[in-house]
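Presented below are the structures under discussion, each in the form of structure tokens.
Here come two complexes built around chain A, the first alongside chain B, the second alongside chain C.
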Partner chain A sequence: MIDIDQYAYNNNFSSFHPLEKSFFALFTILITLTANSFMTSIIVIAVISLMLITAAGIPFKFYLKLLFIPLSFLIIASITAVVSFSRELNNYFFYFELGGWFFGLESKSLNTAVLLFLKSFASICCLYFLTLTTPVLEIISVLRKFKLPEIVIELMMLIYRFIFVLLDTADLIRTSQLSRLGYSSIKKSFFSIAKLISNLFIRAYYRAQGLLTALVARGYDGKIRVLERKYSFSYKNIMIIILFETFLIIISIFGGGNFV
Partner chain B sequence: MSKKVLEAENVVFNYPDGTNALDGLSLSIEKGKKIAILGANGAGKSTLFLHFNGILKPKKGNIKFRGKKVSYKKKELKNLRKNIGIVFQDPDMQLFSSSVFQEISFGPLNLGLSETKTRERVDEAMQIMEITNIKDKPTHLLSYGQKKRISIADILAMKPEVIIFDEPTVWLDPKHSKEILGFINQINKKGTTVILSTHDVDLAYQWADYIYIFSDGKIIGEGNSEKIFRDNKLLKESDLIKPWIIEVYEKLIQNGKISSTVSVPKSKSELFELI
Partner chain C sequence: MKKNKIVLTTSLIFTLLLIPRTVYAMHIAEGFLPMKWAGFWTVLAVPFLIISVKKVNNILKDENPGIKMLLALAGAFIFVLSSLKLPSLTGSCSHATGIGLGAILFGPWPMVLLGTIVLIFQAILLAHGGITTLGANLFAMAVVGSFVAHFMFKLSRKVGTPVWFSVFLAASLSDFFTYITTAGQLAAAFPESSGFMAALFKFLSVFAFTQLPLAIVEGLLTVLVFNIIQEYSKNELDELSIISRRKRHELS
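Our next item is the complex of A and B:
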């Protein structure tokens, strides 16, 4: 998670307008999910992955590692979609019998499963595109533009900031516990981790008080008003996005077809 | 007699747990001066600062701003907080946003400034603190010294009349301490009154125009740095040590190397000239 955060700030797309990136990711997801086309999903997976690795500068190995995280879920989900069972022999092209039940693969459900798999995989690629190129702060600023309730925005902003502050605190506590052999046996480890967690709660509370004081000192009156950094739209990027999305729509309409 | 910008009159304050944080404390801050406040941990320095900003209200006594008693009405509090800025000791406690720009824009927007005006203020504050180059970086990827600078820019953007620095050099290495002190002096030269709390007697001696010594919620000594640091009884009472420059100076007099009529050197270079 922390690595994703670092890449989000240090990639070649970081200076692009967050709205451009969000629209690109969201529209592509929308098209992939609505189109019943293998071609569309495959193109999306290929294009997004290539963009991330070559243009944005995300290391290939890191990206691959990220893709493996949801892959296991996807595979399990797809298998359950492929295998069907019934009392009668349906038009399975492969099956086996077990206690009067027929377990088998239907070509129709295989089709659905592969399509489902590709669609989800392509959507994940799109989401990775957004998270790897767009820092959380910019995503929050986009949400603010979409008029998400202030309280949600403020919470997101503060939580994002204090994840790192509390992470540092947890790290310090852990180091000091380690230096006093706090994790030298399983029993001690449990004891230490319990202390760490409870301590973290107290620190969080103390931090919250300190933060409130500091905010009030600067005139806080119940509403956190801040200004966003200015980004400029790039006509070139917008054109590329429009062209790509149109291309995808055309492919989805004409390039549809069934697998197997 | 120059103008008094901030005053505390017999301020008494105790925390809910019973600690007597301020015990009938009085002091007055002159406009444009560099004031240092020395005292052990828990002597009441931070508590007084929160009074100056209207966050804490004295149980007894008064706080005066520009000679007028603070009444704690909403509008007046806003004005007080506009004019008295506090740079807190731990920047991680003060910074609430991961974006440098958002962070600094918070204060000016609370003052009711327009967006254009706020952008100007933020840019100006970033320029003064020399942090324009890190404005696109998230707070958690910055060093402690950089965060300290942001926390000062936070306050600068509000253009207060008085800025209070709560132990600004603590946890900083000598190089960064010096830099931060340089910024503080620069701010003071432009007319802002600066109040600074510290444990560093050498810093207080060389830097301050006027020094207050706190102990158990009271002031046990005040005056210019020479008066304070040549008062052995006071130093003993307040558990402070003598600045090394004065120690060398007094040793030189004792050994007859210089006459006692020579004025006390204020800095290292002045001392070297004597030798």
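Our next item is the complex of A and C:
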């Protein structure tokens, strides 16, 4: 139902230690953001995408579709960040006029916008690397190792489980509403979706009660204990990660990184 | 003059193409904020999260541990709510945040924790938002969004406006202030040459196209949802006041 989740369980990297993958993704994001260079960002985008498509076995088409999700925000926000406006015409290479104001881009600021875009895009690739190869439960187990409060971990596990239950319910209600022309006009869609949400709320409420009853019947004392899957570290992976990160740092230092 | 017109039309068409088909509330994408700003917003948001965890732990201790299931389902409910396609006024399909409804039903403090978890799952499962920008998004949505909704609801109930109007104000202003906060965060990170106020104006006006209709739609929808819940499930609302610490008369 959620595609990313499906691939997270079904890829060639799923047997690797989650700590290795999280460290790899986070450290690469960190280097990309601090290096602030075109070269580093492009290398990260290329390497991560290649790894995901060839080695991890994520279908190219699906990966492309994922990359489009944040694209509109990225383009709009990075252009907005560098557009300048004034009463008189500066040395803009592209501009338009609106109500006596000139809105335009200077060639220097276009540079900034592209860098901003590439940096963010590279870190999004890293985030995808983590989420496409590591199931949510493993990410939660990594969080547990960092000693997050028990209640946070437990709520995360429960919420992850319930998301699918509720999505399923919402899907069923929506299908039956659609088959009764529930979304045939704007007004009808408003009332239909309101009924869907309120029904979902009530069902979630009763589901919680039912679940509690079932748990209490099995000796629930406020804690849910689960076994975690055992993973072993692979020296080969750790070596590759260290080599790649060192390579990235060296490239960033000598390849025109600005380091902010 | 003619050339100017052509430039204007092409740029207008370009902007129209860029306006996203699917509108989510403003999640700042992964890696968009520079490190120092990402750190700044995280540091600002963490105290709220710590207090929220403490409050939730207290509720669990005072009442029964079964509230945990209810909280978890509330969190999942908000996630699913934010993934539903809403009918939209502008032709693009938009998504609610659910923070407003959540803050009214469950109270602002539990919502900070639930909102955080929902944001993490949106980043992991739906690719909206990110890890480094989690602090900023958390502050704008879970903290500002829930507290604005809570105080607006409280205030307008005190003034004596009808419940439906209070719900509308709470939900739509919660979205509205989230939008302003996010624009402020972006402007603070990228003041460029023109300064903070000019940058704020730029970001506010660019995102107004998607976020203002969204705030109104979410406000209307929350009223409809709340009315149905109120009509058919009064008892459950009463029981929820254990979590939200809301007085009974406020909700009816």
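The definition used in the following text is that the second predicted complex is superposed on the first by the 212 of 260 C-alpha atoms of A that agree within 3 Å, B and C clash if a C-alpha of one lies under 4 Å from a C-alpha of the other, contacts with A are read in each partner's own complex, and residues count from 1 in each chain.
Everything below uses one rule, namely that contacts are C-beta pairs under 8 Å (C-beta built on N, C-alpha and C of every residue); 3 or more make two chains touch, one makes a residue touch a chain.
Predicted model, so just to flag it, every value in this text is computed and none were measured.
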Should A:Arg225 be classified as contacting the first partner (chain B), the second (chain C), both, or neither? first
Taking the superposition on A as described, I'd like to know which of chain B and chain C A:Ala46 touches: first, second, both or neither. neither
For A:Leu137, is the partner it touches chain B (first), chain C (second), both, or none of the two (neither)? first
If we overlay the two complexes on their shared chain A, which of chain B and chain C does A:Leu26 touch? Say first, second, both or neither. second
Partner chain in contact with A:Met239 - chain B first, chain C second, else both or neither: neither
Look at A:Leu74 in the shared chain and tell me whether it touches chain B only, chain C only, both, or neither; answer first, second, both or neither. second
After superposing on the shared chain, does chain C or chain B touch more chain A residues? C
Just checking: does A:Leu158 make contact with chain B only, chain C only, both, or neither of them? Give me first, second, both or neither. both
Quick check on the superposed pair: does A:Gln6 touch chain B, chain C, both, or neither? Answer first, second, both or neither. first
Per the contact definition in the header, classify A:Ile202: touching chain B only (first), chain C only (second), both, or neither. second
For chain A, give the residues common to its interface with chain B and its interface with chain C. 5, 136, 158, 160-161, 165, 207, 211, 215-216, 220-221
Mind pulling up the chain C residues that touch chain A in the complex? 4, 7-8, 11, 18-20, 26-32, 34-36, 38, 53, 56-57, 60, 65-66, 68-77, 79-81, 83-84, 86-87, 89, 105, 113-114, 117-118, 120-121, 123-128, 130-132, 186, 190, 192-194, 198-199, 202-203, 206-207, 220-221, 224-225, 227-229, 232-233, 236
Considering only the defined contacts, which chain A positions touch chain B in the complex? 5-6, 9, 14, 135-137, 157-158, 160-161, 164-165, 168, 207, 210-211, 213-221, 224-229
Please output the residues of chain B touching chain A within their complex, sorted ascending. 50, 53, 55, 78, 81-82, 85-86, 88, 90, 92-99, 101-103, 105-107, 109-111, 115, 118-119, 122, 135-141, 154-155, 158
The residues of chain A that touch chain C in their complex are 2, 4-5, 26, 29-30, 32-34, 66, 69-70, 72-78, 80-85, 95-98, 109, 112, 116, 119-124, 126-128, 130-131, 136, 139, 149, 151-152, 154-156, 158-163, 165-167, 170, 183, 186, 189-191, 193-198, 200-202, 204-205, 207-209, 211-212, 215-216, 220-222, 260
